[in-house]
Amino acid sequence: MNDSIDKIKHYCGIVGIHSTTERNIPQDLFFPLFSLQHRGQEGAGISYLNNGKLVTYKDLGMVSEVLGRYLEEKRTSTVGIGHVRYSTTGGNLVENVQPIQASCNKGDLSIAHNGNFSNSELLKSKLTEKGAIFGCTSDSELVLHLIAHSMQDTFYKALKETLCYLEGAFSMVMVKDNNLYVMRDPMGFRPLYIGHKDGLTVCASESCALDILDITDYRSVLPGELIVVNDDGINSEIFATSKRKAQCSFELIYFARPDSEIFDISVYESRLEMGRVLAREDGDPSQYDLVMSVPDSGNTAALGYAKESGLNYELGLTRNHYTGRSFILPSQEKRELAVKMKLHPVKEIVKGKRIILVDDSLVRGTTSKIIVKLLKAAGAKEIHVRLSAPEVKGPCFYGIDVPTKEELISNSKNPEEIAKYIGADSVKFLPVDKLKTCYKNSNDFCYACFNNDYPVEPKTGK
Amino acid sequence: MNDSIDKIKHYCGIVGIHSTTERNIPQDLFFPLFSLQHRGQEGAGISYLNNGKLVTYKDLGMVSEVLGRYLEEKRTSTVGIGHVRYSTTGGNLVENVQPIQASCNKGDLSIAHNGNFSNSELLKSKLTEKGAIFGCTSDSELVLHLIAHSMQDTFYKALKETLCYLEGAFSMVMVKDNNLYVMRDPMGFRPLYIGHKDGLTVCASESCALDILDITDYRSVLPGELIVVNDDGINSEIFATSKRKAQCSFELIYFARPDSEIFDISVYESRLEMGRVLAREDGDPSQYDLVMSVPDSGNTAALGYAKESGLNYELGLTRNHYTGRSFILPSQEKRELAVKMKLHPVKEIVKGKRIILVDDSLVRGTTSKIIVKLLKAAGAKEIHVRLSAPEVKGPCFYGIDVPTKEELISNSKNPEEIAKYIGADSVKFLPVDKLKTCYKNSNDFCYACFNNDYPVEPKTGK
Amino acid sequence: MNDSIDKIKHYCGIVGIHSTTERNIPQDLFFPLFSLQHRGQEGAGISYLNNGKLVTYKDLGMVSEVLGRYLEEKRTSTVGIGHVRYSTTGGNLVENVQPIQASCNKGDLSIAHNGNFSNSELLKSKLTEKGAIFGCTSDSELVLHLIAHSMQDTFYKALKETLCYLEGAFSMVMVKDNNLYVMRDPMGFRPLYIGHKDGLTVCASESCALDILDITDYRSVLPGELIVVNDDGINSEIFATSKRKAQCSFELIYFARPDSEIFDISVYESRLEMGRVLAREDGDPSQYDLVMSVPDSGNTAALGYAKESGLNYELGLTRNHYTGRSFILPSQEKRELAVKMKLHPVKEIVKGKRIILVDDSLVRGTTSKIIVKLLKAAGAKEIHVRLSAPEVKGPCFYGIDVPTKEELISNSKNPEEIAKYIGADSVKFLPVDKLKTCYKNSNDFCYACFNNDYPVEPKTGK
Amino acid sequence: MNDSIDKIKHYCGIVGIHSTTERNIPQDLFFPLFSLQHRGQEGAGISYLNNGKLVTYKDLGMVSEVLGRYLEEKRTSTVGIGHVRYSTTGGNLVENVQPIQASCNKGDLSIAHNGNFSNSELLKSKLTEKGAIFGCTSDSELVLHLIAHSMQDTFYKALKETLCYLEGAFSMVMVKDNNLYVMRDPMGFRPLYIGHKDGLTVCASESCALDILDITDYRSVLPGELIVVNDDGINSEIFATSKRKAQCSFELIYFARPDSEIFDISVYESRLEMGRVLAREDGDPSQYDLVMSVPDSGNTAALGYAKESGLNYELGLTRNHYTGRSFILPSQEKRELAVKMKLHPVKEIVKGKRIILVDDSLVRGTTSKIIVKLLKAAGAKEIHVRLSAPEVKGPCFYGIDVPTKEELISNSKNPEEIAKYIGADSVKFLPVDKLKTCYKNSNDFCYACFNNDYPVEPKTGK
């Protein structure tokens, strides 16, 4: 049912854990991965050291489905990594689920990766020439090949050499013997946090995954930082620096969980601020009767709008979270039914009202069109759609699944035309320069999908 | 994981459909039952006329699991009923899932029932003396036995006779041949709505289940009303009247979906009002910094509180809706982990704040205790818990699963003691007389679990 | 895949266990039910006394699927019954799976039944008049209703009264409190054995189910016998006698497991003898080159034929027992594929040979036609089909699922015509009078489906 | 339950299909793979060309479970390969299921392999030095690496070069673009057949897999033969020759299906002959009363024994083929129960008899011990165990899973001691030189596990 909802999709979330004493590491991985479930719901897996041997278990499915078994099992270990995954084109193949474990001349390794290499085609082409075989369609296998092909005499040197080959976005964790390796690309596209408590070191895509383990002493892994965690402690170095930083705007706008901190910024507060800015852009609030959100993605920004404007904040759309096993809707009116089963207008609230409806972004416009229709059918007088994201106009080469340029409605229609298309009375996007006012160090962000200013150009294999 | 969350549980939701033309009735039943999923998530089923023969399919599980198959199948029919169920003591046996179909001297019947007969023990004892055998532990089988034992010469007369035997709470639908029977007890304990559109008549526990089928012309089935729907139209009569009405208070406080109308009252608006009243009870808002809810049950009342008091409304607790297949948490700290996996404080919001925390009710106090602990750990300065329900002190004999008197914290502790027990700085309940101000026709409600004034005493079999 | 194989189907197998000391009764029931799996593969269930309370667990599926869980659980009890079921018309509904448990004025009871009442329509009609409701389409519920409607003052008297109402075939076990009741109809249609060892009493449809529990001291329950097993021992009486006995011929020909004893007869030896008689009927063996069977149903009779005739016995058809989860064959050539996936000719053996092919029975001829085709394609020169059953011409009212008269090939074709239809060079059935020579006390058998001499006429409800 | 049965286990079966016209290739692969289910029941998979793109689907489970979906789907293709697998040490990981698909500098390839390379450790070590990474523990990945590392300018040349690196046992199929590659090692360890009919070419481990597709025009792929099948036809060459041939003795003794032809020999006839030779070894038949087999593995040899000796052949052990989903037996007496649930003595037959009991082989003796005990308990007077395999004394490096030397009973006990250990009155094995008399070209076989004469020594990685 999910795929009928028109949203930009994320690739994954990662976790790495090292402990100086024996613990039930698979169980320790479960909870932070569960907390990152919103970053990928179609596959999950873990690798951990088991009696000195690296083992991997992964499958298609939610964290609770794939890894729930580890809650009932007692397994001691000291180091492990985990991954949740949203499947991209190439299909829901279990081969693509991570971590990816392999044995090579540097030993037995396993890797979990969030992001996309912008030069993967080129690297793949070079490696293929040298005889590498690729068993899955994921970028991440490249890292293992590069390490194996390196002529450096230690794994650590080979890893550093490998990191210098990689371009684009990568927050990664690896495990080899009793070592956890943590690294983030020099531009810092994807978030990555590390924290510790009593000999336990945990690294995860968002701070909410550290919270669940009661780890409060944490920080952002730095762009270009490589950290090794083992029984000798936590050793860090900067393997490469980049003047240009490129933290993903969409992480704060939509992907991250509202109670997380990423990029040293509170997700909740940045979204509140986006709503406030939208309100200031709109000016005189007396043209409207109330503010409400498309739940849950628009909740915080809508609240910010209400606070700034002084308008009534209402929970005018109820969201049904029951799904159980997935099912297939009858083809006719499929998308509309999917939305109606998920979002329900509160008629008494919307009836006769001039409504500010806040959502995070508008991609193809298909879902927004249905929501506007539902609200008008419930009696709404006017619907003014406000988006906390700017107009999405281009693809992402760094780990986000954006529809094609042709599908992106902002490439063919201006806001007035979009309003007409979706049946709204007005549509306004947060301009890029205003979005920047919501971010600390706003120059350290990537806005490429809005303004075409790509920090790294993708390289093809030719 | 669900059972570690401390909530009062509901028994079920029902749906009935009749159409003057052939339709895919099983599919038509799916959508309203899906909309009533919040009323029962442990069993689902339907009965419908299939080529002149009544058939039933039911199983343990969510609506999408049990009935999802009907979305892909083409089956024509004109009448059917459906049920969602929350399992009570007696276990999750498929035998107890409804509808219950049987053949008897009046023909083939099927029934779906929401509520509890307060004289079921007595009736069961009488019927047993006459040779009746009981295959399940559900009350609802009684209705079929009474109909079969009636000496009336028509089904309709037998049904009316049967209704006169029943005491307590019942909103019910039955199907026999091409007739849909809809009935509600004379005190009107449980909600029941009926609506129609173009030859399609639909009856359901809440109006949200009619909305999903785009039925906007609806009304409440009256207390004591018996409606027959068939190709001759919709015929209604009052089979019994009662001066005393007894609409369930908890339906509006907690059970019903916020976008529903029940008892001719908007659920959303009544909850907003409960929050407003709580605010007026509290007086001077300057003692507090912000209002937030325990999502999702406290959302609307918290918003009402904020509106009335002028205090900041914040989404200070994020709720994780991902669950996938159920799993078993490791025993130690089980309950606490369950809450932590579900509810996440937004630290930046709660830090250093004096917080009004609104929830619907406080039953045993176990979950509230954990939430308060989480918020304090996240830096909250003060937590003032406000409940939109009065203190729950007694059981329910009419279809609600309330813990035993011993388990109900309000039987052993006053609000101050409860505050101390759960670690809050204060706890206040909405007094019953104030709750009444939130209801239209407030004398038509049952407040027995709060004030021990039971509209019908349960009768035992002796 | 199974339903494309043309075989007469059986209804069920039953087991009852009582122990004077606490045992894991559900586990004790598992093994004999597993041994009776050939009597019904579509549903299984058990009822047993659990801390003084009767509980039932049953579902659609094989014994290992439905009851495998009890191998891993520790449950103590002293008495229980079990059932395996082949589903008849009315569909594979879990409601029809046995045992059937109910509570009534005589207490909590559960019953498992093998057979069919020939007066069930009449009884159902009478009971319905009295107000009984029927929740399933199985005959067996009747017994519970009759007991509940009896005005006798004890359960035992009510049970005896009930037995006097029943006509037709019934081997049954019941459990009430700590008592196991075992009964067999006065004509003895279906087999039933009882044995004991060290305080453990076990009753089952065939002796092979006692063997698995190492019970070697057993006997046939007598026609018309009612046995009560409890801590006072095993008490037996004859509740009714019948001059005419009617043991099912097909039990020995096909249903029972070859290593079982039923009706005081060795199944294996009786089948060997059927093969020997077929050989004597055929006369001069020099017309043929070898004898082989359609495995596994024809194995023993084929061996008997070979022994008597002195012809070569060969395993000319290999049977594939792998199935795993059931799957649906593509529609075209469905039946033929199903047979080809199951039965494989050994070409070197059949090539150029004049073959005696022994099977147990020929019902519609559809499967035989495919087998003959396969063997001819593998090079067989002549195929002479020999059946250890006589020509099947009529229905069974006592618990066997025979195709309709129109479908039974022997109603429209004589053996020569059948041979032509299935492509065989000859077809011969074992005549009824010769079949009788294979049975001890051959007058105590029912041959109604062959010769239309029905021991009890079915009674309708009018 | 299976693993408690003491048998030598096989690794796999393979199938390859090419068609000159579009067909439903996944469905075409299903049937021969189903026919090879006895060669591996723990994993199955296929690769096929789908709109010019190679795709693979595989999983743990039986053929019907993993691939049953393709019976209902319509997919056109012209070429594909398939695999069934028995899992070895290393665990039941889906990563180890075949075919293995990869992309490399020679294109997209997929391979399915039956056998074991005896120099895999050495090759793996060399490849690892060159930077290869290994994702699974299976040998077969080596082939893909070797092809990718070859500097030959065409795939075909690279494949031939690769084949020259491989030592030990391999019958393999590969698919690349619209070409099917079929190859068998120069010693011919594992069987492989190829046949065609009307533009359809099918290759499979045993002839029974061609029979199911009605392909009767087939031959053995020659040792050292490489065949390319594409739209230009079937082109074959010998890529290497070996004087020494080494066809696996156990394929004929036990693994292959009795209706198959492998190594140009009828499996059925060779087993009959093994039984005949055993009888001749025994001499005077009057010392015994009857011959019977341990079904199904000993069936044909037992029949051969009976024919030669003139002794009575009886079906004295019945085998239960019902299993359904796997289940776990309670630990105590686990193995014995497993055997009792599977094999049932026919008491009337065995009672008081001096029995020749024929089985294919005796490995650890654990199962035989239980069977002898069962038969004695059923009254057998003497049990004389006869094995159609010689004494198994050594491991296999070519694709068979033999217990360790310590576990093999024939390494520590002579036949008299084995008889004593298993409770039999005598035990005799077929001597290697007599086994040879049952094989055409008996010098072309491998008897290494019996006589330690290994055709190729395994090479380690040092």
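Remarks
A, B, C and D label the chains in the order they appear, each numbered from 1.
Here, a contact is a pair of C-beta atoms (placed from the backbone, for glycine too) under 8 Å apart; a residue touches a chain by one contact, two chains touch by 3 or more.
Keep in mind that what you see is a predicted model, and the values were worked out from it rather than measured.
With centres computed as the average of Cα coordinates, no chain lies farther from chain D than B. The geometric centre of chain A is 48 Å away from that of chain D, both derived from CA atoms. Taking each chain's centre as the average of its CA atoms, chain B and chain D sit 60 Å apart. The centroid of the Cα atoms in chain C and the matching centroid in chain D are 37 Å apart. For chain B, residues touching at least two other chains: there are none. Touching pairs of chains, sorted by label, consist of A-B, A-D, B-C, C-D. Contact residues of chain C toward chain B in the complex are 59, 94-95, 100-105, 128-135, 144-145, 148-149. Chain A contributes residues 27, 31, 34-35, 37-38, 41, 61-65, 68, 71-72, 208, 211-212, 257-259, 261, 266, 268-269, 299-300, 303, 307, 312-315, 318, 320-330, 337, 340-341, 344-349 to its touches with chain B in the complex.
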